[in-house]
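These are the structures in question, set out in turn.
In the two complexes that follow, subunit A is the common piece, with subunit B as its partner first and subunit C second.
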Partner chain A sequence: MLSNIGICLIILVLILSFLIIYTASIDLKISREAIKKNIYKLSLFQITFTILSFFTLIIGFINSDFSLINVYENSHTTKPFFYKIAGTWGNHEGSLLLWINILVLFSYLFLVFSHTHDKKFRLYTLIFQNILILGFLFFLLFNSNPFNSIYPIPLEGLGLNPILQDPALAIHPPLLYVGFVGCSIYFSAAMASLLSGYGGKSFAQSIKTWVKISWCFQTLGIIVGSIWAYYELGWGGFWFWDPVENASLLPWFAITALMHSLIVLEKRNTLYYWVIILCLSTFTLSVTGTFLVRSGILNSVHTFASDPSRGVYILIFLSLMIFSALTIFFLKHKKETYNFNLKSRETFILANNWFMAFFLITVLIGMLYPIFLDVLTNEKISVGPPFFNIVIIPLVVPFLALMAIGPKFGWIKSQKKIFNKILLLTLGAIVINLLIVYFFGKYSLLSNFIFIAAIFLILYSFLDIKKLINNKNKTELPRVISHLGFGLLVFFIGINHQFSLEEDFNLKVGEIKKINNYKINFEEIKIKESKNYKAIIGNFKLTNVEGNLVQYLNPEIRIYSNPETLTYEAAIKTKITSDLYLTMSNVSRSDYYNIKFQKKPFMIWIWISALMITLGGFIRLTLKKNED
Partner chain B sequence: MLTKKVKNRILFLIFVFSLSVVAVIFIVKSLNKNVLYFLSPTEINQREDIQFDKAMRVGGMVKKGSIIINKKNIQFIVTDFENEILINYSGTVPNLFEEEKGVVAEGKLRDKNFFIADRILAKHDENYMPPEIKEIIKKNAK
Partner chain C sequence: MKINISKIIIFSFVIFFLSIFWQGLKINNNYDTKSLIGNQISNFQLAKLDNNTQYISEKDLAENTYTLINFFASWCSPCRNEHKYLLNLSNEKKQIKIIGINFKDKKNNAMNFLNELGNPYDFVGTDSDGKISILFGIYGIPESILVDSDLTIIKKIVGPINQFQYDKILKLIQ
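Up next, the complex of A and B:
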């Protein structure tokens, strides 16, 4: 039943896409100011049917309708209600449907909200967006249909991987998708802009909001993903330079560069072609990343839905996308003259773009190198975190400094004297860094530089905030918050990295282990039955040297029944200054339990500062036109 | 003669070019230093050019009944059904570490039969097998 409804809705959306492309291309030839009413109507129908199809799938999951293969494979009647819904996008087919929903949603919203712009430009955007929609619809129908039915209908589903049954991971995909797929609209707009000749300032204004929206969601999505990794995966880390994480980082670098250079285009009406390149590459990178991971070409410790057959289709689609984008770009490309003064804001924004490009290329090389080597020499390798750390971290130092200084310069040519201020703040940063070294312990030369640069940025941002409060000026507020957030993020990650305590050992029940100033007493284990899992809960008493109780920690080993899986739930006690982190595992049912104990300073502050970066973006979205 | 503007531009281009050359050399060099080769016990046994001071990954199946645990570390044997290697590891193991399941260990070789791991890789999927291991098993099944 649901299967038929779903497929009908998808086919309706498909037909509507064709109709929109057809009517839009007819409307292109008519020289009238406004876009035909029909197109609005068709778009409205399109978005309605798309959302309906998604709800159909959600209903399938809620009712555990196992006549749908997708529901059968990824759900179970005993699963909590919330995760039944989240299960909808917790698998490849469902997430592709979500992907299409966002494509259509952005297509519709752009059509409605761009009415102040050129008609031809809007129509072309609509056409390109619908070509993208068609591409993904065909993919969905022929390769990954979430509405495929199964007969005879199974009585029970296979269940959702328990590790995905987590609130952070339930909201992580939708956030990331709004971020990644949101890029599609300015991919289309960039193509439209090239074809219709509607460039420059007005183009920047037309895509500004969409860039901001997708940037905010992408950033937030990445943060939520790493919070999940921190407390669910049990190694205590939050960033692993894993292919999946890298795939999400690539478009982020491109979009961050775009967000900055877009300001130059809007204010100074230059860098148009560079902005176009960034628009095109952001979405291309989103698709590349997602499907390198999905197709299983890149393998990672946390991909959940991979299947090689998808690779071919996506490869063809992607090459068509890139090829047509490049063709149009080179056909329409004209020479642009740049006239930048070294001491101007646009130069510093360009510097940001260089850094972003460097980071992007580094991550891309690190990600693709194993694939090339495998194809060429059949050697299996992986590129580990040290590579990324060595290449990227040294460049963070000048990057942080420029983040503080850059925004101080005005447009075109700045006469401002800020040399003394910089000197003073650098000194301040060095002193603070020395204090940290003096009180908490030494670290490497490079780390010293990073701390100094981060503190410099933080101090400078505080000065900016003070100034903003005095002037009651809101325009600069988002920038200051995001930059301050980034400075704090680097600072706290540095502190966390330098002063973390980590210890692995094996203990039997009743034994005591001494670590630095702590004593860990493994008091007992309890067994608890829950709705869809059985938990073995360890009780650890943590005392300090004097024997005073610090904390009880209760990590769990959960044995889920559908599908049968073990997961380890870390015991995490978050405090303002540090997190205590303890995981327990058991190997081959021996008496020994495998324990990992960590004390991680300022963990919560890493999340707070990362969220500040996003907050800046969201604040900028709320600013009125004249304030931005 | 070149005007000042042209001269500046040439200088700028040379600057950018040399900067990107340096960047690329830097990236490639650290890449070569930091790649981890993936080898099976058989490959370790047969190859002669193995570097003992470089980190690598070893993959295969955990041999049945081979896991020994004591206070400090865990020992187990990884096999590709042709050759075996003993692995010593101190640290926490991922939740899917089990006898007769696929495993990937990261660390250094002590000698051709003994490997000190400092990380055991996790995969959170009960049906998962690293593609490298899948290939090994396929090869040996022939």
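Up next, the complex of A and C:
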């Protein structure tokens, strides 16, 4: 039943997309001011049916309707209600439907909210967006249909991969999708702008809000994913330079560059073609990322979502996208002349763009090099953290400094004298850095530079905040918060990296292990039966040298029944100044357990500062037009 | 559209990228190092675990009829399971020398491991950061590589050695 309803709805959406493209192309030739009412109605129907189809699938999951293959493969009657719903997008087919929902939603919202802009431009945007929608609808129908049915109907489902049964992961994909798929609207808008000749300042204004929205959600989505990796994967880290994490970083670099250069286009009416390139590449990189992840070309923690036959389809789609974008771009491209003064804000924003481009290319090379080598020479390698750390980290130093200084310059040509302030703050940063070295321990020369640069940015941001409060000026607040967040992020990651304590050892019940100032006492093992798994829980008493209790830690080994999987749950105690982290794994045919103990200073502050970066973006969304 | 060099370059770049992706879809991604069989071990140098001034290199291996290179660590629980087979092998078969490579481990832990379970190795080298093991195509331990006197890899065992693998090794070195 649900299968038929779902497929009907999808076909209706498909027909509506064709109709929208058709009526919009006719309306293009009519020289009237307003867009035909019909197009609004068609779009409204389109979004309604799309959302309905998604709800149909959710209902299938809630009711455990195993006549749908998708539900059968990814759900189970004993699964908690919350994860039944989250299971809807926890698999390839369902997430593709979510992807289409967002494409359609953005298409509709753009149509409704862009009424102050040129008619031709809006219609072209609508047409391109609907071509994208069609592409993904065909993909869904012919390759990855979540509404495919199965007969005879199985009595029980196969269950959701237990590592996906986590609150952070339930919201991680929707956030990322709003972020990544949201980019589609200014991909379409950029193509439309080239074709309709509606460029410059007004183009910047038309896509500004959409860029901000997708930037905020992308950033938040990446952070939530990282939090999930830290708490659930139990590897004791928060960023692994895993291919899929890298895939999510690529569009983020592009969109961050876009968000900055868009300001230049809006205020100074220059850099138009550069902004167009960034608009086009942000969504192209999103689709490339999806291709690499879903086709299984890259191996990583996300390979549960891979299948080569999908790859062929996405690759064809991606090729069409790139070639049409390039062709239209080259047809319409004219030479732009730039006239930037060195001491102006636009120069610094351009510098930001060069850094972003550098980071993007570095990550891209690190990600694609193994694939290229495999294809061309049949050699298997993997590019790991050392590559990224060596190439990226040194450049973070000037990047941080420019983040502090850049916004101080005015547009066109700045006369401000800020040299004394910079000197003073640099001295301040050096002193604070020396204090850290003196009290907590030495680190490498490069780390010294990074700490100094980060502290410099933090100090400068605090000065800015003080000034903002005095002037009661809100417009600069989002920028200051995001930049401060970035400074703090680098600072806390640095502290965390330098002063973490990590120890690996084997222990059996009743034994005590001494580490630095701590004693770990393995007191007992308990077995707990839960709804969908059985858990072996270790009880570890952590005391300091004087014997005072610091913390009880209870890591678990979980044995899930549907599907049968072992997961290792780390015991993580988060405190204001540090995280205590302990995992245990069984050593077969032995009473010993392998224990990994870590003390990670300021873990929570890494999340807080990362969230601050996003917070800045969200605040900017709430500012009224004239304040922005 | 006027055709010029930069456009041609950009287009060919895109085509190159996309065709690599296309080819990439066809290759099997299950990382399989069986293809290493028949290859020769190339230059390597390993420091001894308990004495950093002593080294072993591929030249020393050429003196043995057969060499089994075993990658292990104290933190690796399957390594404990295969240990008895390694001990048997070193006690009973004189034509095979066993080299242990201690992978991403701490020296003290590794020494304790060998004291507790016995030392089957003729030489224990250390690879504390796991870089040399990459040369041997190691991506998870335990793994073992059987090499003959020409330094050619004749067998590669991914995962712990069990009775089945043990018998196979015996057959190969007869």
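What we mean here is this: the second predicted complex is superposed on the first by the 624 of 628 C-alpha atoms of A that agree within 3 Å, B and C clash if a C-alpha of one lies under 4 Å from a C-alpha of the other, contacts with A are read in each partner's own complex, and residues count from 1 in each chain.
Going forward, a contact is a pair of C-beta atoms (placed from the backbone, for glycine too) under 8 Å apart; a residue touches a chain by one contact, two chains touch by 3 or more.
What you see is a predicted model; the values in this text were computed from it and never measured.
Under the clash rule set out above, the superposition-derived model of subunit A with subunit B and subunit C contains a clash between the two partners. By the document's definition of touching, of the two partners only subunit C reaches A:Ile371; subunit B does not. When the shared chain is aligned, subunit C comes close enough to touch A:Phe330, but subunit B does not.
By the touch criterion stated above, A:Ser590 is placed in contact with subunit B and with subunit C alike. When the two complexes are overlaid on their common chain A, residue A:Leu134 makes contact with neither subunit B nor subunit C. Here subunit B and subunit C are compared by how many residues of subunit A each touches, and B touches more.
In the superposition on chain A, contact of A:Lys380 is made with both subunit B and subunit C. Residue contacts after overlaying the shared chain place A:Ile393 against neither subunit B nor subunit C.
Using the contact criterion defined above for the overlaid structures, shared-chain residue A:Leu12 touches neither subunit B nor subunit C, since it reaches no partner. Once the two complexes are overlaid on the shared chain, A:Asp504 sits against subunit B and subunit C alike.
Common to the subunit B-facing and subunit C-facing surfaces of subunit A are residues 296, 299, 380, 504-506, 585, 587-588, 590, 594.
Interface residues of subunit A facing subunit C in the complex, by the touch rule stated above, are 291, 295-297, 299, 308, 311-312, 315, 318-319, 322-323, 326-327, 330-331, 368, 371-372, 374-376, 378, 380, 504-506, 585-590, 594.
Residue ranges of subunit A in contact with subunit B, taken from their complex: 161, 163, 233-235, 296, 299, 301-302, 304, 358, 361-362, 365-366, 369-370, 379-384, 386-387, 390-391, 504-507, 563-568, 583, 585, 587-588, 590, 592, 594-596.
Touching subunit A in their complex are the following residues of subunit B: 23, 26-27, 30-31, 33-39, 55, 57, 67, 69-74, 90-99, 106, 121-126, 130-132. On the side of subunit C, the complex with subunit A involves touching residues 1, 7, 10-11, 14, 17-18, 20-25, 27, 29, 31, 33, 35, 74-75, 77-78, 80-81, 106, 109, 137.
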